[in-house]
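The two complexes that follow have chain A in common; it is paired with chain B in the first and with chain C in the second.
Here is the complex of A and B:
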């Protein structure tokens, strides 16, 4: 992003209580609140390979273990590998016309590792057929897993049938007569086979412990080690299955796929950011960035800061929207925010109480084991309907302000953004009645504002001076296409802005 | 969520084993983790890497975990965590603050549908298909031994000592700065790399000689380790051999790795002792060091002669070799457990968490007395 971010001098308070510079904030048009990365719901939008820029459907990505089938990274330095051609002589040296046979190998341009180093034979085709390494224990582990699955399955069925028996109102015929099913079977001469459900699956063959252990090789005491031939921990962990100890066992690793994320507001479930599907495109379908909707504050200059002395601070306001806005600077009311945090907690509590109450009412109807009401039915567990999000609890803003801002009495107007204005040389005439004490200068959609700030008297030399104020601006909502009343709706929106002014300097 | 994903029957379920140094991440019913990554996140303010275990406050830990889980899901798993179950493998001695914060992050920030928490010592036996063993987990921060008998962890017999990768690094740092003048602050990564590539656990017979002023043994060859671009660190042969010796140096309470294991055996019922001694399972990254197992066997045998352990009457120690690398043995157990119906039967659901506001734990009396709660230490077998 070609946005000048610089040091984070000006920070905006997100609704969730975190302070972030404006490029990192989103503005949900539907709930008219600022959101940030922390308080939105992240979702995987599309999966692609970063090297070949190919979109991969999520089902396919899953089969390929989230790795690209064609691109490899270097097992030595983790950079991307390139396929290189090696031409062998013609198949038939006597026949000049016979085609030259081409073979391919993988090579790293950064560390000069190549697939030939580890003895992987050159491949006849450029795209594939690279040998894969298999887990040597796979058969045993699969066997163990299958038996465990069976055991758990039968246990579960047992539980369910127990439940059914308890609830059964009707006594079975054999129970009444005292003849059990197995006795009946014996009487009529059928072999006694236990019920399919009662049959216990055979447990897997347990592993056998050995008294012998791998001894330390004697050679380690005499032979010098070659550092270049021993793998580093990163190289080992790149291949978790085999974790090779020496470099000659390194195998090329498939490249990890990347994702495009879409972000969703948790309160209203609307997207605040949704990228385009094409991996080559850097554009977005929906992009509700805060710096497109909220006036931007930039720090221009400040007089040397001295404890207890009032100095002049100049900041620049820019209106990024297509609509005129009015900005009022208000006192930074942190108590109000704290109150909001408490309110949200209270709402959360009451909701929980209601939820608990409603659950209690439902209890006689549901299954006896309520704690795993969703657990007793795994199908419902896996296909839960889309539940509304839990809203991230806002926190208190922690930043300490140690500088007072004299709140100006008047407010000022910012004209809409006009992209052509930059090329317009004719001197601008504004008809705004500006308060000369407040506005120093203005140009197109920008205004330079003078504020009087006083760092607190108890500040020491070298302390960071932080001041803050609440900026109220008029946000013009164009989202619901105003059919009935042609006027777009206007809202007052408040943002808390924090400025780090610099350090206290010594007195004159 | 794309349409075809909802049509496919099985969902990918993440299995996570968050260690102090490395986090093992993968999916259920797979036999190796997809990634083993460092448990650290980049701090936004200072732009430096911070380890998760270095948190200063509960809020700080919450933020670190939010960031870390985000990387796991959106960089490696490539799925949304929302409305999916997750399997967490953790030590039985995991701090309550950590597990509660992790549950809070997963349920409230990432809205997972349920969490299945599995004790690492127990599930490590899943891949071996045995139900009684003495599990010794030597990780980064500490070495923890918990006996598992017939599928139940005997928690009262637990033993732990701060003998892990961290202590080895500390020792290595001291030894290296003694022998290389002018080099003081070696970073953790350099120390780890030297440890991994150069050091090993020596034999018991040589270890005795190491501490003598006049030793008859020839030290192994020195290694010149390239450091900070132009410099070279001299990793003397003696250091290579000596670094791991602190594991067997008895402290003031006469405790070391080998006594810890024997103490754990002493604390269980007399009938089980022999069986435990014949089923030793070593897990954790540190046990993968060259010569670790051989030396541990020698040391255990040596300690048996000690008067303290005469009553044990153990003849032989037997070691299991798991069908995987030791550093992800616990994770593999989690992946196996998570693939069965155990997940749907025992997981802590979101409803339950929102109502009770905590994760059931073996240490919490409220959970232990209330049998309706998901049984924390149940087993498959």
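Here is the complex of A and C:
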């Protein structure tokens, strides 16, 4: 989404240490922390086809290779194909009253490709029965696939049998006497058959590398190339199984399915974003976007930046919530953040140790408790539902600032958002005792704030000036359903905000 | 510019609000929407039968700079069954039959359009060329492909317009006989 702020001038520091503009951030109401797409758990909520808007269960989607059975896309331009009707005269030419026979063909409204172009016969029914093309490599692929399935299966069984042995819940007679099945077999003189589970699957024939390739046909050098008949790279990669060289071999491609994704905070396992199940709906059941909860900072103007000179910076604060908030601008203090990160690490380590001790003699440590996985990209493994999620620990912010911000002594109040304020012409009266040095102007839930910034003296011409500060605002939590006689809880929440002010200009 | 003179054949539907300039001949069955503009600047324009010229479409007969100031006045002949969709700008010096100019496309004055071509929405064709028959141009990169058949004529749509347009707009009276 391109946001009205345009280039990312103002960035907020996420708990995971990344800097992002506010529309890309989420705010977990339960842990009161900022989250971004990098540090939440991505889960597949539902799988659907974007054309026929049908939900498809994940098992079925897997069988159909994540493609819709009924919808096709154009092999020429990758847009969706539509079914068109062609009437083909009456079914019985002698009888004038007999109904007109209808046939159907696929056509692309974008590039005018049609299934008739490649000689696919028209179908008598609208829903299809479109001929599928055989994949020439299907046998080989199936062979490889089967082998991997077997390997997976045997590994799973091996793991299970290991588990059973360790637990020792079901003590069999042979276990007690120390006589294994194989030893018993030997004793009675039977040949020793390896256990069915331990049987190694037969590997498929390995692929053979070849250095010699067929010579190019003569015609390729002598005849002029007809660009109209050759397919483009995109068109070939659309059909990886046959990769057609000429346009007359382009066949309609099944449409790839889309997913609806829900995002889960890794620390408290609450959803920060959950879409509605209905594929037609673009709404969300839960959508905790940061710009609905955290005051937005926008860059208004700054005087020409010169190294070592104090200039005036004007920024705008907007309160998006229904509650009044107080904003205090504090020092950026990246050291404090680093310290906090270190503390969290220590806490985590001790926890892990305890966990590991309590888990002793059980199965090897599961993925979540491995310390190194914290920073790794969320792998597909983690997106499996109900897996204990990897907790993303806060990390250090590595962005350097090269501009000092004079921290104002006073804080200021932002009134709640009022949707009707825009249409209300009557002059609003605020009884806030504003510091005139700090507040330049205010309107409804917005305030324009003056800050004095000084780019460092050692900056050269054309250097990008980055400044930052910590914004402390009061977040009013309404999450626990308002119990009687209980005020909504208020928290001080701190966000580190970074502004890219522009480039250093020369003196006068 | 030549004086305005319009020849409209019976069966054509030309809305009075449409902007016509110069010497224009409109064939039978052709529909010209109220805010279409047809400007015969360099010479007469002859529009064939059963063409559909939609809102905001601009057909301009304008010569390239290097061909101006010649003695003979060229005539822009537009064939039959052409569709000029909303907000297209066409300056081609010659147009055949059964072409579709989709919305917001632009065809420059050096491009000769033959028969059965489709110029996709938003495509800009400016280089000097002759478009082969049954070509369709589509996409932001103006990809070209050749179809085996000409685009399907919009008969249903034209029939509806023939009925509906006279209910809401003043129509220029046909002034030519067969």
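Rule of thumb we're sticking to: the second predicted complex is superposed on the first by the 360 of 508 C-alpha atoms of A that agree within 3 Å, B and C clash if a C-alpha of one lies under 4 Å from a C-alpha of the other, contacts with A are read in each partner's own complex, and residues count from 1 in each chain.
Criterion: a residue touches a chain if its C-beta (ideal position, glycine included) is under 8 Å from a C-beta of that chain, and two chains touch if they have at least 3 such contacts.
All of these numbers come straight from a predicted model, not from anything done at the bench.
Colleague: Counting only touches as set out at the top, which of chain B and chain C does A:116 meet: first, second, both, neither?
Modeller: second
Colleague: Using the superposition on chain A described above, determine whether A:76 touches chain B (first), chain C (second), both, or neither.
Modeller: second
Colleague: Applying the touch criterion given at the start, work out whether A:301 contacts chain B, chain C, both or neither, answering first, second, both or neither.
Modeller: Neither partner.
Colleague: On the A-aligned overlay, A:247 touches which partner chain: chain B = first, chain C = second, or both, or neither?
Modeller: The answer is second: A:247 touches chain C but not chain B.
Colleague: When the two structures are laid over each other on chain A, which of chain B and chain C touches more residues of chain A?
Modeller: B
Colleague: Would you sort A:148 into first (chain B), second (chain C), both or neither based on which partner it touches?
Modeller: After superposing on A, A:148 lies in contact with chain B but is clear of chain C.
Colleague: Once the complexes are superposed, what residues of chain A are shared between the chain B interface and the chain C interface?
Modeller: Dual-contact residues (chain A): 227, 232.
Colleague: Within the complex, which stretch of chain A touches chain B?
Modeller: Against chain B, the touching part of chain A is residues 38, 41-44, 47, 57-59, 61-62, 65-66, 135, 137-138, 140-142, 144-145, 147-149, 151-153, 155-156, 159, 203-207, 209-211, 213-217, 220-225, 227, 230-233, 236-237, 240-241, 243, 256-257, 259, 261, 352, 355-356, 359, 369-378, 381-384, 386-387, 389-390, 392-393, 395.
Colleague: Could you please specify the touching residues of chain C with respect to chain A in the complex?
Modeller: Residues 118, 120, 136, 138-139, 143-149, 151.
Colleague: Which residues of chain B touch chain A in their complex?
Modeller: My answer: residues 1-2, 4-6, 8, 11-12, 22, 24, 29, 31-37, 59, 66, 70, 73-74, 76-80, 82-83, 85, 107-109, 111, 113-114, 126-130, 192-193, 196-198, 200-203, 206, 218, 220-226, 278-280, 288, 290-291, 293-295, 297, 316-325, 327-328, 332, 336-337, 339-347, 349, 351-352, 354-355, 372-374, 380-381.
Colleague: Could you please specify the touching residues of chain A with respect to chain C in the complex?
Modeller: Against chain C, chain A makes touches at 76-77, 110-114, 116-117, 227-228, 232, 247.
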